[in-house]
Amino acid sequence: MSPEAKEKILSAVELALGFPRRDEEILKGRSTGEVRWVHPWAPWDSVEKELSALSARFHRVEDRGQLWDLLGSIVEEHGVRNALMWDHPLLEKLKVAQFLDEKGVRRVDTSDPERFRMEAAKADVGITAAEALIEESGAIVVRAAREMPRAASLLPPIHVAIISSAQRISTIWDIVPLWRSWLEKEGRLPSAVHFITGPSRTADIELTLVLGAHGPKVLHVVALPEELFSQRE
Amino acid sequence: MRIRCLEFSERAKRALGDEMLQQNLQRIGVRFKTARDLAFAALEDPESLREMGRALKEKAIANLPLLLETLEMRVKEAGGTVHWACTSKEARKIVCEIARAKGVRTVVKGKSMVTEEISLNEALQAEGIEVWETDLGEFIIQLAGEPPSHIIGPAVHKSKEQIADLFAQKLGVPKAEAPEELTRIAREKLREKFLNSEMGVTGANAAVAETGSILLLENEGNIRMSVTMPRILVTVMGIEKVIATLDDLAVILALLPRSATGQKLSAYSTIITGPRAPGELDGPEEFHLVLLDNGRSRILADPDRRQSLFCLRCGSCLNVCPVYRKVGGHAYGWVYSGPIGAVLTPQLIPSRLARDLPFASTLCGACAEVCPVKIDLPKLLLIMRQRLSEDPNFDGGLPLLPRLGSKAHGWILTRPRLYRLAAQGARLCSKALAREGRWKWLPPPVGRWGKMRDIPAMQVPFSERWKKLKKELLRGAANEPGG
Amino acid sequence: MKVGLFIPCIVEQFHPQVGEATARVLVKAGCSLDYPPDQTCCGQLQYKTGNWRSAREVARHFIRVFEGFEAVVAPSGSCVAMVRKYYPELFRDDPRQRQRSQSLAQKTFELTEFLVRVLGVEDLGARWRTKAVYHDSCQVSRALGIKEEPRRLLYKVEGLELVEMEQGDLCCGFGGSFSLQFPEISEAMVAEKASHILATGAETLISAEISCLMNIGGYLKRRGASIVPVHIAEVLVQQGK
């Protein structure tokens, strides 16, 4: 059935366009080359402004100690008992797992794929890293991978995203070389890429803005100096 | 969705009498128009961004065969399956077959116009499958059994009290009243569905041929849920939505949210490439992309009408349309409303069933000013009027009497002496029927105009005053210094 | 400059004084005028209702009547837009007519754009003490891009206080055949427009488009409003009120 339909549709389209020449050139990308990262020491004013306008919370911390303090206050504020955490080098370096253990916050069991959904639904907070932060809009870019479940930035009512100061890009246009670098390295894009711009929202009831429709109600974006990660331990 | 475009006039009248709807249409229209204008004004070069939008669409449409084949190839490489559907019927069959084969009992859906175009929900329900609309506004009207009143806010015609009653009645919850409470109730109810559903169904804002990816934009997170939790993901998309490269995708990301709601980016912009990779804990295990023609290739065949296919479905033309602002989306009688709806509908369904729509416009041009891909909507409306009136491939246009009247009028206009005679005749009628400088009675349809407005009586026409005026002007000029 | 006076059919039959005012304004600005008596109409009603065959006939006649002039000027945006934008479209498949229509299109002007952009005249020595609001007709402001010129002319009218209305770019709901085919929607639109106009407290409503004036003016009059609708040409010949 389907092969017939494909032929019919493509023939109809070709006929409609007058049998255009196939120009493979148009599939070639333009933005290739180096990603233009914003300098790690550049000011954070615009990021702060954008995130605040989105009702997202932005924090800058200097070291692991301050991060732990911040996470501690989040745990307190929201009564966190279960956390869904990514298995990610940045979070490892910051010893987030150890923090959670010490705080008595249970880490959601990600070992059983069949039960993952239900387990993830129990989490009070999701903790992830991110690929990039777009200054112009305050968006964080998150990708899916084996140890980086999508649910962590989606199911729990709170999402904490941790990035380094070396992960900023200026505008949406700067994302394209980043995408292309993934394409080059891995031969394809990740199965999912999310641009998360503030918490989940809706205005479907009487045009009144409400946060936390289906996704997280609270988004914490935490920035740490990139020196922390370039140091050898 | 059932076709009711011929009811446009009645539905429009009803909408005009609906206080709450009128208020909401006004609020939404002004709010989103202002937001859109601010967002574009903040750009360094808004015009050039729209030019880029148009250029990428022109390129995509002109190279559609290559892009569609490349898209299919890349989706397959990423582990997905591509299905092709010539018609609504075929598309429904494909999706139902997937659902049946996989033992699907519950479907969760993101808001998708194309799935309404093919009436997918009813087909799935006929198979005994539960279909849950998960966008909050769509969820509300699904519970209420009503059609959407607006493309961006489908439930804006309902007050929070009405929604509270609805939830209490249909969901068995205590009557809440604040929007926060009501949203929380919907979140809980739908979360249960997301976690237990076997299949998610979405549309797509675009598909990138270069990588085999689809783009999904939203603010609530229900689409992310639908593409993350269920085992199977089915995306239905019109063939015209494919774009060439990731560069083009960035343009769409810059244009669409700003045009639709004035946001720099939607809360969630999701790019899906195939099913989950091996070892991933969530994401669909199967990804099916259903490519739908359903009349699009026919539109493609007419170079004048081809740009109808550039539409991103952002809704900005609706937000600025003064007619839409008065009658709302419901009046247009089918899936697509406002200026683009008036253009597309008679091209996608038998045109005689939508014959009024292209005429339901004053051609004010507000839509063309905001379209992110610079579709010349007023031109398309005029072209549709011509096709409906003169093209044998189309059925519709004005009814017989006005059509003959227009022809007769046109005929007289090429004969100056006859024209002046006819005008004299009309002036005699004017003398008889006008009082206090205005007509007291006029035959329909012109009489309808006179119901709400004073129409001035006819006077000695300019042409008969010219001789005298000319002399006076020459005299005046002669008296002017240097004249 | 020898200008051909193009008097739209509505002006001819219902508001000839606008035609007279137009002629006076152009003469004052230094033009020598002629009025070709065989003119009838631009054909936009036929065109906009999809009857392009008829529209072509009317257009052919119009081109014949006017193509000999150096410039053609009309006190109407919609008629000028018809000639400039749509005549070449109508004759897309007829190279000779297309060429003739394109030449004519290049020298056909709306009154205010002709005065300000072509003749470089802004001050016509007009005097009128009144508080006025100017309505941007869609056909003048969007179709032809004329927004500044009428205002520049009005600023130079001695004693005239020009105020702006809210949502000034909102269509008045006329749309030619639209108001006949969908009168209720048209009424709702003109009602909203009228409310924005009345909210300015202006005594005078000015526009460069006669059909908008008829539409809004007719509605306001029926409602007993005292605001006076007047075409910009009529304002520019005022010598003190």
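In this document, chain identifiers A, B and C correspond to the written order of the chains, with residue numbering beginning at 1 in each.
Everything below uses one rule, namely that a residue touches a chain if its C-beta (ideal position, glycine included) is under 8 Å from a C-beta of that chain, and two chains touch if they have at least 3 such contacts.
All figures in this text were calculated on a predicted structure; none of them were measured in a lab.
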| item | value |
| --- | --- |
| Chain whose average C-alpha position is farthest from chain C's own | A |
| Chain pair whose interface holds the most contacting C-beta pairs | A-B |
| For chain A paired with chain C, centre-to-centre distance based on mean C-alpha positions, whole Å | 55 |
| Cα-centroid distance, chain A relative to chain B, in whole angstrom | 32 |
| Residues of chain A touching at least two other chains | none |
| Interface residues, chain B side, partner chain A - complex | 24, 27-28, 31, 59, 62-70, 72, 77-78, 83-86, 90, 93-94, 134-137, 140, 153-156, 158-160, 163, 179-180, 182-184, 186-187, 190-191, 194-195, 209-213, 219-222, 224-225, 227-229, 239, 244-247, 250, 253-254, 263-277, 279-283, 291, 293, 297-298, 300-301 |
| Chain B-facing residues of chain A, complex | 1-2, 5-6, 8-10, 12-17, 20, 22-24, 26-31, 50, 110, 113, 116-118, 120-121, 134, 136-137, 139, 144-146, 149-151, 154, 172-173, 175-176, 179-180, 183, 188-208, 210, 212-216 |
| Chain B-facing residues of chain C, complex | 7, 11-16, 19-20, 23-24, 27, 33, 35, 37-41, 43, 45-55, 57-58, 60-61, 86, 138, 142-143, 167, 169-171, 173-190, 214-215, 217-219, 221-222 |
| Chain B - residues contacting chain C, complex | 9, 12-13, 16, 30, 322-323, 326-327, 356, 359-366, 368-369, 382, 384-390, 397-398, 402-403, 406-407, 409-414, 416, 419, 423, 426-427, 438, 445-446, 448-449, 451-456, 458-463, 465-466, 469-470, 473, 476-477 |
